[in-house]
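Right after this note come the structures.
There are two complexes below, and they share chain A, which is joined by chain B in the first and by chain C in the second.
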Partner chain A sequence: MQWITIFQKELLENARNFKWIWVPLVFILLSVMDPLTTYYMPVLLDNFGNLPEGAQINIPTPPPPEVFWMSFSQLNVLGILVVLLMSMGLISAERKSGVSEMVLVKPVSYTSYVTAKFVSTLLLTLISAFIGLLASWYYVNLLFGEIPFSYYIGSVSFYSVWLMFIVSISIILNTAFRTPGLVGFLSIAALLLASAINSVFKTRIEWLPPQINAYIKGYLSTGSITDDLWITAFLTIGVTVILLVASVFILRKKELAA
Partner chain B sequence: MAFVSVDQLSKTFDKTAVIKDLSFQLEKGKCVSLLGQNGAGKTTTLRMLSGLMKPTKGTISIDGASPSSDIRSFIGYLPQHPVFHNWMTGKEFLVYVGRLAHLSKKEATTRAESLLKQVGIEDAKNRRIGKYSGGMKQRLGIAQAMIHKPKLIMLDEPVSSLDPVGRREVLTLLEELKQETTVLFSTHILSDAEEVSDELLLLHDGHIVESGTMDDLQSQHDSTRIDLSFSKEAHAFEVPISQIDSVENVQREGNQLHIYAKNIENARTEILKLASEQDWPMTKFEVSRTSLEDLFMKVVNQ
Partner chain C sequence: MNIQEIFQAVPWVIIAPILLIESILLIVALIDLARNDSPNGPKWLWVLIIILMNIIGPILYFIIGRRQD
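Now for the complex of A and B:
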């Protein structure tokens, strides 16, 4: 089947570029950084802080869910940057170089082409996020106190919806523009804009995609999945589907050669 | 009904018309060359035929399929500067595009193997494409265009970027291809077009200025003449030749005579008869025909 062919090609490409190694590694690094530095902060300050003799430092130990959430925040900045940089040439680079002239002149369905690329990138991103956050969950349990494993599964699952939305933003910009750098820049701009819109309107519309982060944080501290979280998740999935359909539409409208 | 028929095709980029009311037809099984200078609109025409670009107006119909249907399954296309996934091997790429063209994995593999052999890069099949030379990429490009046995194969400047050896090899390959399928290729090298194609389409400034077989074109623009060279001053032979009925005009240029005739066959017979009867010291006898180059220059300068 054609979809599988493109999907396999993407997986193979990611393997040959060693993305299956470095992306998970970066995610692990980003995820465990905050729990570790928070725990060892007093020790670090003691040894390297250059504090005057006899200074008293009293940092209250944050509760485990809060520490675990720090990992999500870290991924939300640097992890997402990695995802966007990794995916900015997904379609645009193929169009720019001219490979797509040869690939899309074969009877390839545009829907397969777009969705196979979307799923392969998402798969890499999600696996990296699951592994990275698992490492973080392990250290939080070890150093700060217990968080049930189900909380890890639940929070990362809902976080996956957010990541899905991010990849779809990159995909639609990939179909609209043929310069990877521009796609990367615009994706970051689009996410910043989405966050800004969310901050302005969150009192009136409570379920905009970026708001899902606040609900996941709430879920981690209370353990209950609120209706708001469900609604936001479903709306985010809906927006993602719309973005993908629009991407296929844009690509079909575009002239592949220029 | 013609195999490919192009009707009133136009393409405009930012208000500049690149293709203007282009109409032509291709017959099945022919090898046709699209000839023109750089910027004449060859690439744009091929891109529109392959569906990579949408015509501003006009229609393209291939093998009777409706213009809106997906023609991609029965065409093969080689871009002017083929770019591949450099991290793939030659064989992997062929299997990949074969599978995209709905071949089964087994079919795609067999087809890839046989094409790699046919285009002569079998030794390099497991090497990364990034390490291929220009000629090898060009051949891989032809192979990928052929992978799904298209009814029409379009090659954009298949030989222009190659060295003489590579050029010769690809031309030989084209000769083989035209046994199997309908070929349309663009070139600005006249001798290549003359060598492999059955028919020519001369494209200039976005429209077809001349088309037909080489013979058609020559008879249309006939300026056939006979050139004679002698080992001594040609003055003595001018008079008897000008007395031949079918000869219209004779020009002398040192040891050479240029003879323009109404009926070239008759003139030739008569001249050769005179030459053998009177034992002329002839060093050269040539019926020179309009070369494609003359024709090209003439058409382009019109």
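Now for the complex of A and C:
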């Protein structure tokens, strides 16, 4: 019951901040951008490219799954940046301003405080990603060729595991530091570090969380869910849970010390 | 190619939703700015940023312009 109250408070706050309007819209724009520019690239070059008269450029049309994947990679850069910057003050700003103390002085457990914030942010991110990628799927079908709807469902489901991991990184840094700007910076750095570690070790350990993107891309082109994809997804969920448990511990320790 | 030809060459059915989304973002940002008593920085500057910087302006306002606390 208590968890639901805090969760509702978070949802209300997100609604008052207009987050429920602008985050989905930004995700739609980001995911639709690449399919459209790829489709109209020849026309754009023709009209505005300032090419010398008679120049010939033949750009082969990429296959539909590849275009659909472009939306994922666009979200992986700018979408994730938006998520991290949006959530950087989630707990840290409340701790700085003392709001969290006023919440936690009531019989509210640290666990429900942290998980309610995690779930509300995750819900917003996931729904935005679902809508954005649905728009992209629609445009790819219209402009490039058919992708089965089941591919959309499959890829988006596995992609949400990756988004879950990202939100949990932001949450743990939120509990550890009090300055929102620092949290934003460190979470971006942590993600870059994670993908760097992944690219160094991916030949030895094939199931590190960032590797899930490569498997989703593979799933989009072949249509079969590999064991690697399952294992990576479960490992990513495991790491997310560990990060959340650790955030609760860190917050408890910091609040008791303060 | 004169302006009229360019105007006709644009595939409006496909571009229209994007323009719509952009304008919703812009309007929501301006409404929020109007109701915001203490934005992070001068108000008139945010109005200029939101209107002049396509897409990025409203996002910048929502992330940086509203105070985090």
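Going forward, the second predicted complex is superposed on the first by the 255 of 258 C-alpha atoms of A that agree within 3 Å, B and C clash if a C-alpha of one lies under 4 Å from a C-alpha of the other, contacts with A are read in each partner's own complex, and residues count from 1 in each chain.
Convention: contacts are C-beta pairs under 8 Å (C-beta built on N, C-alpha and C of every residue); 3 or more make two chains touch, one makes a residue touch a chain.
Model, not experiment: these values are computed from the prediction.
Of the two partners chain B and chain C, more residues of chain A are touched by C. Once the two complexes are overlaid on the shared chain, A:I153 sits clear of chain B and of chain C alike.
When the two structures are aligned on the shared chain, A:I205 is found in touch with neither chain B nor chain C.
In the superposed model, A:E255 makes contact with chain B only, not with chain C.
With both structures placed on the common chain, the touch criterion links A:V32 to chain C but leaves chain B unconnected. In the superposed pair of complexes, A:A93 makes contact with chain C only, with no contact to chain B. In the superposition on chain A, contact of A:N17 is made with both chain B and chain C.
On chain A, the patch touched by chain B and the patch touched by chain C overlap at residues 17, 97, 99.
The touching residues of chain A, when paired with chain C in their complex, are 17-19, 21-22, 25-26, 28-29, 32, 36, 40, 43, 47, 82, 85-86, 88-89, 93-94, 96-97, 99, 139, 142-143, 180. Only residues 1, 6, 9, 11, 14, 18, 21-22, 24-25, 28-29, 32, 55, 58-59, 62-63, 66, 68-69 of chain C touch chain A when the two sit together in their complex. Interface of chain A with chain B (complex): residues 2, 5-6, 9, 13, 16-17, 97-99, 101-108, 255-257.
Of all the residues in chain B, the ones that touch chain A in their complex are 47, 50-54, 70, 72-73, 75, 77-79, 81-85, 87, 96-97, 99-102, 141, 144, 148.
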